[in-house]
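Note that chain A is present in both complexes that follow, paired respectively with chain B and with chain C.
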Partner chain A sequence: MKCNRCGERAEIKLRQHNAAFCRTCFVPLLQKHVRRSIRKQKMFSLDEHILVAVSGGKDSLALWDILIELGYQTTGLHLSLGIGDYSDQSTELAVAFAEARNLPLLNISLREEGLAVDDATAFTNRPACSACGTLKRHYFDKLAIDRGFPVVATGHNLDDEAARLLGNVLHWQMDYLARQKPVLEPTHERFVRKVKPLYRTTEFESAAYCFFRKIDYILDECPNSAGATQLKHKEVMNQLEAASPGTKLSFVQDFLERARPMMQSEANRPPLTCEGCGMPSFTERCSRCRLVREVQTKRARYADRARSE
Partner chain B sequence: MKCNRCGERAEIKLRQHNAAFCRTCFVPLLQKHVRRSIRKQKMFSLDEHILVAVSGGKDSLALWDILIELGYQTTGLHLSLGIGDYSDQSTELAVAFAEARNLPLLNISLREEGLAVDDATAFTNRPACSACGTLKRHYFDKLAIDRGFPVVATGHNLDDEAARLLGNVLHWQMDYLARQKPVLEPTHERFVRKVKPLYRTTEFESAAYCFFRKIDYILDECPNSAGATQLKHKEVMNQLEAASPGTKLSFVQDFLERARPMMQSEANRPPLTCEGCGMPSFTERCSRCRLVREVQTKRARYADRARSE
Partner chain C sequence: MRITILPERKTVELSGRRLVSNVLRDLGYLPGTAMVIRGDELIPEGEMIEADDEIEIRSVISGGI
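Right after this comes the complex of A and B.
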């Protein structure tokens, strides 16, 4: 198999594009594709300073690397989630990436901020992924606003977006469908723009990119994700992709072009302001503040019980 | 496991409803469910004479049986498609069902009408399912109109509808999505209303119904369907259903209630009239007349070549 560009030996085959490339051609090609997504969707300009959410996984590290290579101004944001060893290792890798390249990284520990994911799941009945999502969304906005970043970029890839779209479509969650786009403009003064520059990049491509660029990332899946519905949806999308290469890309892209515009009318009403933390919320208190309160109440109850026993 | 209705031993478990039934309770229950679908979607009234498309498979025979049991006026329509032995066996079973119950059945041979499916696939490059669909749609309308039936009922079940919806959604075929409903009103004087009373009934339920009612149906899959995309989509939907029972039903039902109404605007322009056969068409000649002409041309060419060799 030969590289479609230079004719040398190919190292990666992209079935969805019916093409193969050597690493020397693939790396700048992927960077160019990401730049095209950024420009096409008007995600941000070269003048803006971008806060890149970096988990320590392949997608977010590939994204950060690509943005730097494309000449964007970036600062990394790593949330130490507090999910046992998995989080410690993720933090190490994110920090190592930044240090090796002398890049600015905000490293925030959710435990130090008051509530780690492990505690949220231990003291409530919420699914871990739901608590984790609530906390992440809160801190992405809060930290960006507090430190003056106009935009947060996340590493969501095509596989994530296709699986999420499938989930939303299976239940026809019209609100979620209306908001499923690669650029989410803020609807409150304490929301920032959220963008997904890798929404057309597969998991496989970002893993290959890290491999070719010698980026160390965490290989383990999050221990909380086992059995998650999202994984089932990814599995199913992989089967459909194998049967008909290009399915994921056209599923997501055609949705954005043809179907989502029709769902505009259902779009979200502007949020209120949370009484607890001042961040946007659709109820009196935002979901993060309600989560924190729930954990505090349960903790106090357990402590009382322990004392009386 | 006990029957949810009468407490006797259950013979069928319906995971999507988290319920189990004995045959004595299941049979009238399914009939009632179908009546509810017919009424909810205003498919037809007791005064109308319904042409039931009967393939000889479990769904269409179960449908015909249910409509009779519910007191509707029906005539069966069987198209002998001309797909080798499979069609001969299907025809036998459809005829046997009608004769045993003394029911009126129109038995139409596509070969005698001018073009069987086997010839359409032998002389053109069209996929068999596409040629078959074109011919079926043509004769359903033509025979109903010519003989004064206001409505054609087909045996499409929930599995068919969910797989079709998935296929339409994967490519965001907005025209197809706008038309995917259990009642299709005619948009041309030579179209009739098409209805799918089993759109909320699973394949499993119609098979069980036939078993309990001792209805003989063709067990083989159509030989042309092997490898068809529709089968892949059914397989995927079965996996999603197994992971989360009720997925198929909510996928189809929520689509009809929440998403499809938004797609109204894209709805179909009214068709023209085919120059060849006078039936509705979106081009000068309808797809069936183009298919017939293509076969005639190729046949003549082959005959010429055979003579000259």
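Right after this comes the complex of A and C.
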């Protein structure tokens, strides 16, 4: 198989574009595609300082690498989630990536902040991913606001967006649909803009990008993802994609261009300020601080019980 | 051919010379959900894996929520 651009041996075939590329052509091509998404959606400018959420996985590390190659000003933000060995390994890889390239990285341990994802699953009935999502949203906004970043970029890829869109459509989650955008403007002065520069990049492309760029990322899956609904939705989308290449991209793109503009989202403007952390909240305490309190209460209760036994 | 499967860290042996897309299909991968790696190169769908090749198949799917 030959590269469509230069005629050298191709290493990657992109069925959705009916094209094959060698690595020398593919790497800058993907960077260019991402730059086009950033500009088209007005995600951020070269003058802004971007906080890039890096998990240690392929998508976020590929994203960080691409933003640097495109000349954007970035700082990494790694949340060490506290999910067993998986988190320790992810943290090592995120730190190694930053150190090898001499990049600034904020490395925050949720355990040291008082609540790891493992604590939430051990002491509450909340599913791990739901607690994890609450914590990520909280820290992305809080750290960006506290340190003066106007925007947080995450590594969500086309497969993530297509699977999420399918899930939202299956349950007609109108408010989620209205807010499923590659750029989410802040609805409160203590929230920041959230952007997904890889929303048109497939998982395959971001994995291949890391492979060609020799970026070490975590290969293992989060132990909490087994059986996750999102994986089932990805599987369905991949089946449709196999039968009809390009389905994922047109599903997401046509939704964004044709359906989403007709939807109105609730303002999502929390009217209160959380007593615990000072972030915007719908109740006296925000969902993160309520989770912290629930874990503290239950932990104390278990300790008492253990002592009296 | 000897195949290492990641992230599961399994190995399988298959006999003969085979098409990449057939190997992926036989091992239960949908197109575009795994990279096929030989040494430090990717082998695209549509190419052959030789009988005595050592390859790695690496899933590209990650997920949660």
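Throughout what follows, the second predicted complex is superposed on the first by the 301 of 309 C-alpha atoms of A that agree within 3 Å, B and C clash if a C-alpha of one lies under 4 Å from a C-alpha of the other, contacts with A are read in each partner's own complex, and residues count from 1 in each chain.
Operating definition for what follows: a contact is a pair of C-beta atoms (placed from the backbone, for glycine too) under 8 Å apart; a residue touches a chain by one contact, two chains touch by 3 or more.
Just so you know, these numbers come straight off a predicted model, no measurement behind them.
**Q** Give one of first, second, both or neither to describe whether A:L272 is in contact with chain B, with chain C, with both, or with none.
**A** Neither: A:L272 stays clear of chain B and chain C.
**Q** Between chain B (first) and chain C (second), which does A:R258 come into contact with in this model arrangement: first, second, both, or neither?
**A** A:R258 contacts chain B only, not chain C.
**Q** Of the partners chain B and chain C, which touch A:F211 in the superposed model: first, second, both, neither?
**A** Second partner only.
**Q** Once chain A of both complexes is superposed, is A:H171 in touch with chain B (first), chain C (second), both, or neither?
**A** first
**Q** So which one touches more of the residues on chain A, chain B or chain C?
**A** Partner with more touched residues of chain A: C.
**Q** A:V183 in the overlay: touching chain B, chain C, both, or neither? Say first, second, both or neither.
**A** It touches nothing on chain B or chain C.
**Q** Go through the superposed model and pick first if A:S250 touches only chain B, second if only chain C, both, or neither.
**A** Touch partner of A:S250: chain B, not chain C.
**Q** Between chain B (first) and chain C (second), which, if any, makes contact with A:Q239: first, second, both or neither?
**A** Both partners, chain B and chain C.
**Q** Looking at A:C222 after the superposition, I want to know if it touches chain B, chain C, both of them or none. Which is it: first, second, both, neither?
**A** It touches chain C, and chain B stays clear.
**Q** Where on chain A do chain B and chain C both make contact?
**A** On chain A, the overlap between the chain B and chain C contacts is residues 229, 235, 239.
**Q** Which stretch or stretches of chain A touch chain C in the complex?
**A** 1, 10-13, 15, 20, 23, 57-59, 129, 132-133, 159-160, 163, 202-204, 206-208, 211, 219-222, 224-225, 228-231, 234-235, 238-239, 241-242
**Q** Can you name the residues of chain C that touch chain A in the complex?
**A** It is residues 6-7, 30-33, 35, 37, 41-47, 58, 60-65 of chain C that touch chain A.
**Q** Residue numbers of chain B touching chain A in their complex, please.
**A** 169-172, 174, 177, 229, 232-233, 235-236, 239-240, 243-244, 247, 250-251, 254-255, 257-259, 262-263, 265-266
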